[in-house]
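Note that the chains take the letters A, B, C, D and E in the order they are written out, and that residue 1 is the start of every chain.
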Amino acid sequence: MNEETLIPKLGVVTDIRIDTPDVKTFRVVGLDGKKVFEHIPGQCAMLSIPGVGEAMFSITSSPTNREFMEFSIKKCGCLTDWLHAMDVGQQITIRGPYGNGFPVETDLKGKDLLFIAGGIGLAPLRSVINYVRDNRANYGSIQIIYGSRSKEDLVDYQEILQEWMTDEGVEVNLTIDREQEGWDGHVGFVPNFVKELNPDLKKTVLMCGPPIMIKFTLAGLKELGFSETQVYTTMELRMKCGVGKCGRCNIGSKYVCKDGPVFRFDQLDELPNEY
Amino acid sequence: MKKLPLSQMPALYAAMAQGGALYLPVDNAAGDAQFTRWQEGMELSRALNTVRSAKDFFFPQTENLVSFRMQGKTIEIIDPRTEGEDFVLFGVRACDARSFTILDKVFLADPVDSYYKSRREHGTVVTLACTRPEETCFCQSFGIDPADPEGDAACWLTEDALYITARTAKGEALLARLDGLLEDADPAPVEAQKAQTAAILAKLPLAQFTTRSFGGDVLMKAFDSPKWASLSEACLGCGTCTFVCPTCQCYDIRDFDTGHGIQRYRCWDSCMYSDFTKMAHGNPRTSQLERFRQRFMHKLVYFPANNDGEYGCVGCGRCLAKCPISMNIVKVAKALEGDVHE
Amino acid sequence: MQRIGVFVCWCGSNIAATVDVEAVAEALSHEPGVVFSANYQYMCSEAGQNLIKDAIRDHQLTGVVICSCSPRMHEQTFRKTAAAAGLNPYMVEIANIREQCSWIHKDKAAGTEKAIILGRAAVAKVHLNAPLVAGESPVTKRALVIGGGIAGIQTALDIADAGFEVDIVEKEPTIGGKMTQLDKTFPTLDCAACILTPKMVDCAQDERIHIYAYSEVEKVEGFVGNFTVTIKKKARFVDETKCTGCGLCTEKCPQKKVPNLFNLGLDTRRAIYIPFAQAVPKVATIDADYCNMLKNGKCGVCAKVCTAGAIDYKQTDQHIEEKYGAIVVATGYNPIKLDSFEEYAYAQSPDVVTSLEFERLTNAAGPTGGTLLRPSDGKHPHTIVFVQCVGSRDTSGCGKPYCSKICCMYTAKHAMLTRDKYPDTEVYVFYIDVRTPGKNFDEFYRRAVEEYGVHYIKGMVGKVAPQADGTLMVQASDLISNEQLHISADMVVLAAAIEPDKSARPLATMLTASMDTNDFFTEAHPKLRPVESPTAGIFLSGACQGPKDIPETVAQAGAAASKVIGLLSKNKLTGNPCVARSDEMLCNGCSSCEKVCPYGAISYEDKEFRMPNRTVAIRRVAKVNPAVCQGCGACTVACPSGAMDLLGFSNRQIMAEVDAICK
Amino acid sequence: MQVNEGFKPTIVAFCCNWCSYAGADLAGTNRLQYPADVKIIRVPCSCRVNPLFILRAFQRGADGVILCGCHPGDCHYTTGNYYARRRMTLLFSMLDYLGIERERTRVEWVSAAEGVKFAATMNDFVSTVTALGENKRLEDLRCKAN
Amino acid sequence: MQSQLIERAKALLADGTVDRVLGWKAGEFAYDMTPALFSSAQELDEGFAYDAFCGANLSKYLVKESRKGGRVLAFLKPCDTYSMNQLLKEHRILRENVYLIGVPCQGKTDVETLRALGITSITAARQEGEDLVVETLYGQRRIPLAEAMAERCKACKGKKHMIYDERIGEEGELENPDRFGQVAALEAMSSEERFAFWRGELSRCIRCNACRNVCPACTCEQCVFDNPASGVDNKAAATSFEENMFHIIRAFHVAGRCTDCGECSRVCPQRIPLHLLNRKFIKDINTFYGEYQAGEEAEGRTPLTAYTEGDVEPSVVYTKGGND
């Protein structure tokens, strides 16, 4: 952990990829051209443009990537507008990593994994998916259920097509909300799609997406027979200062910055419903 | 135990201020005690306690964390800190002294807050025993003895002398520096004072008040109590309780564009404020009931759940005295007691 | 984050001589968001404009800053340039480095430094500019004229003449207004009826003009180009479409004791009446206050004698809704009530009359058939005293603080005509000043004095005391000879001050048109827009705007008509996009903004807001009508929550300029 | 009054678009000199000027703030300057009450024809503020150049 | 008086005129009354209080309460009725949903006022004739009520109710209070002295927002100082400028609307005499534009949304109001 937790480091944007009409993926390295810091899948970093704002983002690249970090960022406010407008070569400030991350080296090891994501919710899961793919021997089967509003709104679509779908032992199920020309895949919302696919009850689920999707998918999973102890999600939206001291991430006796952002649903059940 | 005659107090202050700063409660223009940097001629306030707590000295209301200079696509990061100044906080009451250990549990926990830590290291806390507690005092509910305060060094003020004893290495070092002024003392007057104060303490209206029913075990019971609605209905959503509280430590980090660069500063925040948890994606606490509940749940339930049963309150009574609508932790705890006991 | 282009103009040597234009362009190129910076001899030239257009396209500029002459000079030019290159014209800001920099500073270093700061402020502002699109609204090609006096008539005729439909709403049973009551008009002494009645007839006959007589405006909604007006057509108990105006009913009606208001109560009429012979529309009206049939159901004479079957005792008020593009206010004036001027004995003696009453007493169609007779005993008066400024220029609080403007001239007229017709009558005029600033006015006044021997006395009348012998003792002071006068008069004529018609105040509220403290309508600009109200689409004609004589009224009526014609000839109105806008999430609904809006552009609505936990809150929020708002910004400062902001001059934009300047 | 030689004050002038800004343009057209310390911000009407803007200017380092508008009665928007007059009277009085030098703020009515008055006003205001020296009582130390 | 109010409230609850009652609730000590809602006779009996310590102005609560459905009974002191009217003028309270009972007020005291008189550690207090008898941990204190009165009550603007549905008790008479003496004293100081005075006072501000949140004129949906989009938001005044800024703008925003209820000064934990800012505006408005008392009427314009052509010029400031 960085000793000066509130003083950021400098990063430089070396590549900007347009993922969807409102999501861009930014590649960031330190001024020395190396990674700014190492992280665990599911951890976050605080990015900022001084004077514009500071906000928490999931690190979407896998720790197995030794060269750079990536952030997939949806345009939804002052800072993200600014980030979307910047050019390659722009410096930004970065501090982290923050949060507990997914238990990839403990609880998840050896398990069959089911990833469920909606829209930009793929961002935190992508890090885990690629980490697991890169350490394939340590894990069982991989199934990915990913949905978005439309084909254009699927984040990392090229990577999904070219790498994930071609991987042995990785099952990818994509869906979009409404019929669309040039799309012959599944159409429909994620919760229903999950039920249709009826995944094996042995799987451990990692889920991220809009609140409404989470709510209905969790209900669907329970209907299928999944237990809350099998399902993980991440709540990085509640993180503010990153170090668990500013008070905002406090839910019950937990601090999302320190105890999260990755929680199992049985853990969340013990908290007051303020998330 | 050492002592010094009251006539020597100015000399004591001067000696304490040697090589740093001395802050002590002094009456301000409104007639209230306020920690003030000592200057020749200043006198210790006779008030029981300051309006603002002593937490400012370790966790100031605003402080610059870092500065930036921007040019084109480049950013320069500047750590604005200079080597801190050693200082002595004199006249801290037992309640405030305890608040520092509560703040320590937040700011010195991993990851350590270096801004706070540095101030803690530079500061020496000299406490002063209370002799005339007021009706709003309930520090005894938290096992604090106002007649025998904690701190790096503790003092007792009698009619003719100041008694002082060191409690930590830092306190010892301070006393060593004051050596020429102090003489060895018989602790009998101090013990007498303690006994006298104890008698008053027993008669305080809140002497029997306790928060013992609260703690992590009753989290859901307390959270779901129907009483929050009526308790919070008059709350103005101001930050008075938070800002006078010695243990409240929530903060916000903001950027200020000076025209020449960006200053990223930290400032006190209040969970009572409507925008406290407001984020780009919404606000999980939309009503004053939820915000009001958070503050008291934090002190009575969440904090003890994470800190071996220690409550996030020291019974200083400031919120009792200052809340514009006279709603406070005592009223809340008393009202909820029945619900958490069930 | 904008992509901004900066263009620094040399203006030949106008700017370049005292401002180092290259240095300015260089310095501004380092400002955040500036991706292109250039300087050129004449930015407003075709080549200069092409430079801008090319840069907008080549560098995908989202904002443009031009450092040049005053925006009052070329802002429009450069906005068009930007628009031609596909950029929203309101993404252009001008830094005025000529009139407000190079031309006033001799020191090049200081000038250059200031030009950079002004440019920096413009860049800072552009960062916060947003594309603005002017709103468009259609225009209803129909005008409403409120008031059917000479002002309203002239306005209506002129508008109709240009081919537009126009409605006149007149509260009396006939149009014509005050001028119908006048005998002769100054300074030419031609007969009022002779010049007015043909115009009234023209109105009646023009198929584009519709007259709502005996009607009042009840409600006005909408805004310029799109007013919806509810007109109350008061029941006259006579079917207008059937009445031939034969007048038989007005002769047979048994109720004879009705004060004749047309003659100011100097004689009586019947309960069913036509105000005067040339009334338009020439239709009878039943005065419900006096009609026996309507009061107690016992009579019905008029219905019996009416061969046309026009009498309809069951008629009720009708409410008609019409749409208009423009509204002209021509509500005119009235003489003030003289009850509070006890010293003139107006209430005590019938021989103390107002000038308008005197007008009726000398009119051939008046109660005396045109022979001047004392109201009290019908005898010929031998001494008449005219008192000027009765209630005018009065700061005591009894009267009006302003000059009523027409009194000097009509009094000269009355005096002269009296002396002309009855040379044996002595005529005295007491005045404070004689004001004759009009064409042939002073000549007219001098003729009264010099040729007709009217006694003009500068002085005040202190008291008029009715005597036992029926004469009136007038006590006055002559300020020039400085002596007290006592004149035994047969009649005293008071030049009562005039005031706006009482209907004007509620009407102004309906129209959201502003009034001054005397209840005269305020004009949009006292010099430059004298016939327009500040509220767009509302125009002013005649004495409702201030005291006027007939030629002035007719001139203003024509001017108002031409403004209306200009408005109605447009198919669409393009608004100014720099208008106020209310953020309803912040709005308290407190009405502060509405109170300071000179245009009535702000209205309120109760709006539902979705609140947490699926609840709904209803809040009163302000809405700005962009078609009416002129963009002054008064509301933005009156608003405490900052809900009201001005597009193009937003709080953030102005503060950004402040920041940039003070950096 | 002492004279602060070499002190260059920062002066912000808010000018209404219709009268005073045009008056400033006329001063320029007539080549009437006034110090470059004055920087003009164009607003549609004097009533657009929020007290916040004036305080903001002082915060950011202005030494004097002047508001120019149409003469009372001549407002392009009829009544704007009447409201501005009340607001500024009260604001200035409050600043004075707080001990802020009253000469640092001013309102002047300048018509489009009064280029001479505009230049004279600015010359006078600049010399007044120069004599007062740097704004200390309403400054934000963070915003000082360093 | 207290029992009279309780009885009336019970009756109005019973006959369905109102379904809840806004009043004051007794607290832990003798003085710490909390504004509270009561919805049953039992609640009223248990907690409703009305005495010399019930100083809180309840009118602002009606902004929210009048929108919650049903009808709420509110007890208003004369001075609260001014706030009520002003809030009605600004359409912030739905009149049909509130039932107003005017209650008499002979001036209120509060614990801070007693504290300033050196009376601390209060355990009980009662009125005895014209005196207030205060029991403290360290003995009894007796002071004349008039002396114990809060500053704002010593400068009372009116003892008559401006609006009510019914009234209980007698309205008092006003005895020529000196409302502007303190302002005039400040005006008479030199500019430097005034600056030093205000800097000393405002530097104590901790930006807790109590003054704003209690103020019946500050009912903005979102305050400019809380709104990041306003460009002037600040949470904690980081510099002396921001302290000044907050208080100047707040005073300006309520200028012409402030009824001088004095709640701002009452609640300030740092005892900053904030009412002296508001009263300066009131004094200026009275001097420049004629006597005006916000809240006397529920309709019409405020001095800052009105004008006359002959208004004084801003330059009046250079020649009036104190010395250099």
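To be clear about the criterion, contacts are C-beta pairs under 8 Å (C-beta built on N, C-alpha and C of every residue); 3 or more make two chains touch, one makes a residue touch a chain.
It should be emphasised that the depicted structure is a prediction, and the values quoted were computed from it without experimental measurement.
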Count of contact steps on the shortest path from chain B to chain D: 1
Steps in the shortest chain-to-chain touch route ending at chain C and beginning at chain B: 1
Most distant chain from chain A, judged by the mean position of its C-alpha atoms: C
CA centroid of chain A to CA centroid of chain D, Å: 54
Distance from chain E to chain C - Cα centre to Cα centre, in angstrom: 44
Averaged-CA centre spacing for the pair chain B and chain A, given as whole angstrom: 40
Distance between the centres, which are taken as Cα means, of chain D and chain C, whole angstrom: 35
Residues within chain B bordering two or more other chains: 70, 252, 256-257, 259-260, 269
Multi-chain contact residues (two or more partners), chain E: 224, 232, 238, 304-306, 308
Multi-chain contact sites of chain A, meaning residues that touch two or more partners: 86
Contact pairs between chains, per stated definition: A-B, A-C, B-C, B-D, B-E, C-D, C-E, D-E
Complex contact set, residues of chain B against chain C: 70-72, 257, 259-260, 283, 286-287
Touching residues on chain C, where the partner in the complex is chain B: 30, 32, 611-613, 659, 662-663
In the complex with chain D, residue positions of chain E that touch it: 183, 186-187, 191-199, 224, 232, 238-239, 241-242, 244-245, 248-249, 251-252, 255, 277, 280-281, 284-285, 288-289, 303-309, 311-318, 320-322
For the chain B and chain D complex, residues of the former touching the latter: 256, 258-260, 263
List of chain D residues in touch with chain B within their complex: 60-61, 142-143, 145-146
